[in-house]
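Each of the next two complexes has chain A plus one more chain, namely chain B in the first and chain C in the second.
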Partner chain A sequence: MSSTVAATRVPVLAIRQVSKRFGPVEALVDVDLVVHPHEVVALVGDNGAGKSTLAKVVSGVMAPDSGVIELDGEPVAIASPSDAHQAGIATVFQDYALCENLDVTANLFLGRELRERSLMRDGEMERVARGILRVLTSRIPSVRTPIAHLTAGQRQTVAIARTLIGSPRLVILDEPTAALSVAHTAEVLNHIERLRELGLGVVLISHNLNDVRAVSDRIEVLRHGRNNGSFDTRNVSQEELLAAITGATQVPEPRPSDVGR
Partner chain B sequence: MTGSQSSLRGANRALVVETVKRYGGLTQVELTAATGLSPATVSSIVKELLAAGVVDTRGTIRSGRRAQLVTIARSTGLAAGVDVGPRHLRVALADVTREIVAEQSLPLPAEHRADTTLDRATLLVVDLLERVGATLDDLVGLGVGLPAPVEPGTGLVTVRGVLRGWDETPVVHVLAKRLAKPVLVDNEANLGALAESRFGAARGYQDVVYVSVGAGTGAGIVLSGHLHRGFGGTAGEIGHVQVDPQGRICRCGSRGCLDTVVGYPALVEPLVVSHGTLTLRDVVQRAADGDPGCRQVVADAGAVIGGVVAGMAMVVNPQCVVVGGELAATGEVLVQPMREAIARRVPLNQIVALDVVPGELGVRASVLGALAMVLEATDQAAATGSADMADPSDVAGGDAG
Partner chain C sequence: MTAIAGFSEMVTRNLRQSGIFAAFVLIVLLFSLLNSNFLSPGNLTNIVLQYSYILILAIGMVMVIVLGQIDLSVGSVVALTGAVAAVLVIRNGAPWWVGALAALAVGGLVGMWQGFWVAYVGIPGFIVTLAGMLLFRGMTYRVLDNVSLSPFGGTYYDVANGFSTNGWFGGYGVDVFTLVIFGLAVVGYAVSQWRTRMGRIAYQQVVESMPIFVAKIAVVAVVVMAFGYQLAQYRGLPNILILLAVLILAYSVITQRSVFGRHIYAIGGNLNAAQLSGVKVRKVTFWTFVNMGLLAGVAGVVFSSRMNGAQPSAGNMFELDAIAAAFIGGASTTGGVGRVTGAMTGALIMAVMSNGMQLMGVPQSIQQMVKGLVLLLAVAFDVWNKRRADAR
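Then we have the complex of A and B:
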């Protein structure tokens, strides 16, 4: 592991001045976001602050109206989810997007099954699946269990494990601990720490400031589609975060030369 | 032929037991998948283990069908241990034979507050009980370790400010009210000392100093096999020994405490220019992987802490010093400079030299100590009540609780 100097590190993801509107709704307005390898950046904000829209823009589900997305310092166009996957961006959405009737292995490899000529390499896929679940120190006993038989926490584990298929550089997790019991939340937070230790950049979208402050390195606040503060997790208090989320503190408008309204 | 078959069978049996322990409770179908053994093998091994009293089975429902849940057999009740650290919560369940049946850790935010953390601890205990197919009725008691000196009776932190957000919280009452079970609270380093002296690196020693090095530094003292807490519960609070008279003001209010020199911020700060922002986990992992800068930081911390422990060793004269806590995962990187600093300052004993050794229980020492505290207290209660509990010989440590 090479020890890189912070100032010269190239971010795995840099979003610059990204905007997205739906008619009169300004979902994102000139939003900036930077994520380095081996870093967990939390994205917090009220309902409708633009967190999920930003996740969708980065994962190729939606195209931004304007702005630049850079991966490893190079500007890229992410026109579709498969572009995002090619670029090493893996996203876990709130609904997990898993197939109930398929088993754990089939879900992990859904749409990117390992094949030899036209035959699926089931044994190899199970081996990889077991390996990934072990890396995450998950508590799913069998990779052949259908998703329908798993608990909510185990489903979240499968969804996170799926991001590790291929070789991702950036993992985006949209509300991974919402609606989970404390024991399952604990497992997901441990998984996030593992992703970070594997050297990935992680974007964690969450409402739960406890979870966010437990595992993130940096916290970015969105409010009404705009950046409203960037905080080093080690030095920020719960009160400061709440103030930024609710708008009690505001980031001053930066560029007077800016066009558009 | 038969020899190798029976040893294979033994290995399979061990695999089944280990797998059941790892998951808490599994159906036979899940056990087959998790071990990779055939259903027939699993079925016959489970039968055998059931007859030998190693596992228990009970009916459960999986995917709408009746199934047999296999759990580790436990004798009369479970104890829960909770280790509250500066950045983590660790909860474990054990039965009266000290066998851990379920375990879970949860990362916590810096400066987490008592109300939220105790709420999560309670829910985790309940979740873990459910995982092994037990209920609150099976719980005999709860042991809690806090990273601060505490008053055993109430669980109040005895020194204001050292654990922000926890002052004025009577942990014993808060938890006893929610769980309706006996609750014992002690300092995290004291519990680590108890665990290492009962079943860790200090087994068989009478006088032991245990040093826990992590986000902060603390120590636990075992004298003649008994935990020494001191009159106010602050014995061994070496994190607040002054090492730099010109140093920074500590959260306890005094100047230049050991914690201001080797605590979390002091450990990661010197690395910012060369390594960027690291967490304590990063520093530990990189030091263990051989990163020179991180090794330097850990080794220097070891030397400073060693100097303070040397003073302690002069007063207490222990047979051994056990080094535990998060930083101890770096092994000799931390322990060697401590050993040197102690050896330089403590007069050599011609008869038996003072051992300075890494702990054997790792970051689980405190939670294991919390379990030991509860189980020893229930043993004691059982020994004085009815005489049907085995093992009253190793009753100790619960004197102040």
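Then we have the complex of A and C:
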């Protein structure tokens, strides 16, 4: 599970020199990020550091102004959420983006329903949905329950289960534990470990350093839209992390990718 | 172990749904007590004929409302499509089907026009269709040169007034074909209920106990067959009832089983989530409005056929009847909730009330007041029911 083993393989996701501006605001400046299979990479930073913007760029919600995104070593263009999904990138957005009026199965398959001509294969979708919830060892009463009747933790479970529809290679979670109680948070962290065991690359965006330290293999810090440090989770102290997040320490020298520009 | 729900639990759990049906049954009982003529074969047939176009409009309207939009233009579109058909058939002597197809085509074009502005320009449906209401009303006056055209006569007239299947299977005073069709409908209902029940048991979900299940189907069967028998005694199956049955079945499947229908519910439930999930929001919105336009075209044909002509002021306020039907039938004002079957029940409640009050000679002014209050109470009940469910 260590990042040294992972580093010898082709990364599932490699972001190189990605930049994104909103008018005068530099949301992302030459950001690099690499994620390997079987690896949970945490993306941390203060408010407005560019974490969610990066998630949106990778999941096709926004196009970057410049830079390259590679999947399994191949450069890809991700113009829309469905492009991202087809490329094997699944995202859980901050406000868990579920339709409360629809049931669990309908939400899991939303936008990618199993179909026969234009009719849905309801039975098949329910079967797959039950299978996925079993993999996550979740406590959802029934796949036919409308989302409106679920607790916050159960909703987040559904949002994470959604990422397993199709055959994803990379899962991006944007603040999955932000609105959850302690017990529900523990459940979600278990789900994230299951994603790693399934061999996926996971990007975990979070404010909560305890959660990050509990589940991640590597921690990448963003500050003012720039990379500001990369740490092995096992060998980093809380002080070092806080220093990088608040800007007390800067990235010392130009990173290799900056050389030759 | 499959849980079995008692009768009272069933009723409370589906309060919204059962409330609608209970209200419908009560209203029918009330009017049949107040007026012995209400359940007569002739009057039942009349209710179907008289309000068929509202039912047709309500099918499209509930889909637009579930999407989180509204369509205020359907009354004007009914007038415009009927006018186009009348000009072709009455003034230019075209065959009936040319007029009917032209009306549908105009309805489809109107839907595309409105769908374009809502879906691709991003103007709220309320504004686009308010504009459409004026625009298409004006066009109707132009198409008709400010005069009424009548009569259609012939096959076009029979669309909404005919009983083409009467006597296919013979029968003395009672049309056998009608009874056979209603019998098939009851069998179909029983089979589909049975399959749903088996499915729920397979997934270990709550079902009613067997006696309640059987009683429910028996009650439905008796009511449906009684209705069919009354129709059969009169002139058999109205063409329009066949058309309605086909539309209701088709649109129940489209809204509940098709990907398109699922996406309408998703957009109405959470636009943002639908977009992020890769639902093609613009495309679905566009086609929902095209569909509404087409159904308004169908209603235009039915209404002009029923009136045996086209008037510049035809279809005035139909949009409000259709919208009221959808809301009485349980659609949510915020979108995402509502069913075709609910809207049909809502439309029937409106139809039965109008017809019943007319039979009793209630003045038009009082009729409007009663209908307004029923709409208000139905939505208030919905809001109260939702708050109660949230509180638990």
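We take it that the second predicted complex is superposed on the first by the 245 of 261 C-alpha atoms of A that agree within 3 Å, B and C clash if a C-alpha of one lies under 4 Å from a C-alpha of the other, contacts with A are read in each partner's own complex, and residues count from 1 in each chain.
In this text, contacts are C-beta pairs under 8 Å (C-beta built on N, C-alpha and C of every residue); 3 or more make two chains touch, one makes a residue touch a chain.
Just so it is clear, the model here is predicted, and its values are computed rather than measured.
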item: First, second, both or neither for A:82, with chain B first and chain C second; value: second
item: Partner chain in contact with A:181 - chain B first, chain C second, else both or neither; value: first
item: Touching partner for A:213 - first (chain B), second (chain C), both, neither; value: first
item: Partner chain in contact with A:66 - chain B first, chain C second, else both or neither; value: neither
item: Broader residue contact with chain A after superposition on the shared chain, chain B or chain C; value: B
item: Partner chain in contact with A:144 - chain B first, chain C second, else both or neither; value: both
item: Partner chain(s) touched by A:246 [first = chain B, second = chain C, both, neither]; value: neither
item: Doubly contacted residues of chain A, that is, touched by chain B and again by chain C; value: 142, 144
item: Chain A partner contacts - residues on chain B that touch it in the complex; value: 19, 22-23, 26, 30-31, 33-34, 62-63, 87, 89, 104-112, 116, 120, 123-124, 127-128, 131, 265, 272-277, 279, 281, 285-286, 289, 291, 293
item: Of all residues in chain C, those that touch chain A in their complex; value: 203, 205, 253, 257-260, 262-263, 265-266, 268-270, 272-279, 336-337
item: Residue ranges of chain A touching chain B (in the complex, touch as defined); value: 1, 3-6, 9, 139, 141-146, 148-149, 181-183, 185-187, 189-190, 193, 197, 209-210, 212-215, 217, 232-234, 237-238
item: Contacting residues of chain A [partner chain C, same complex]; value: 59, 61, 80-82, 85, 91, 93, 95, 97-102, 106, 110-113, 115, 118-120, 122, 126, 142, 144
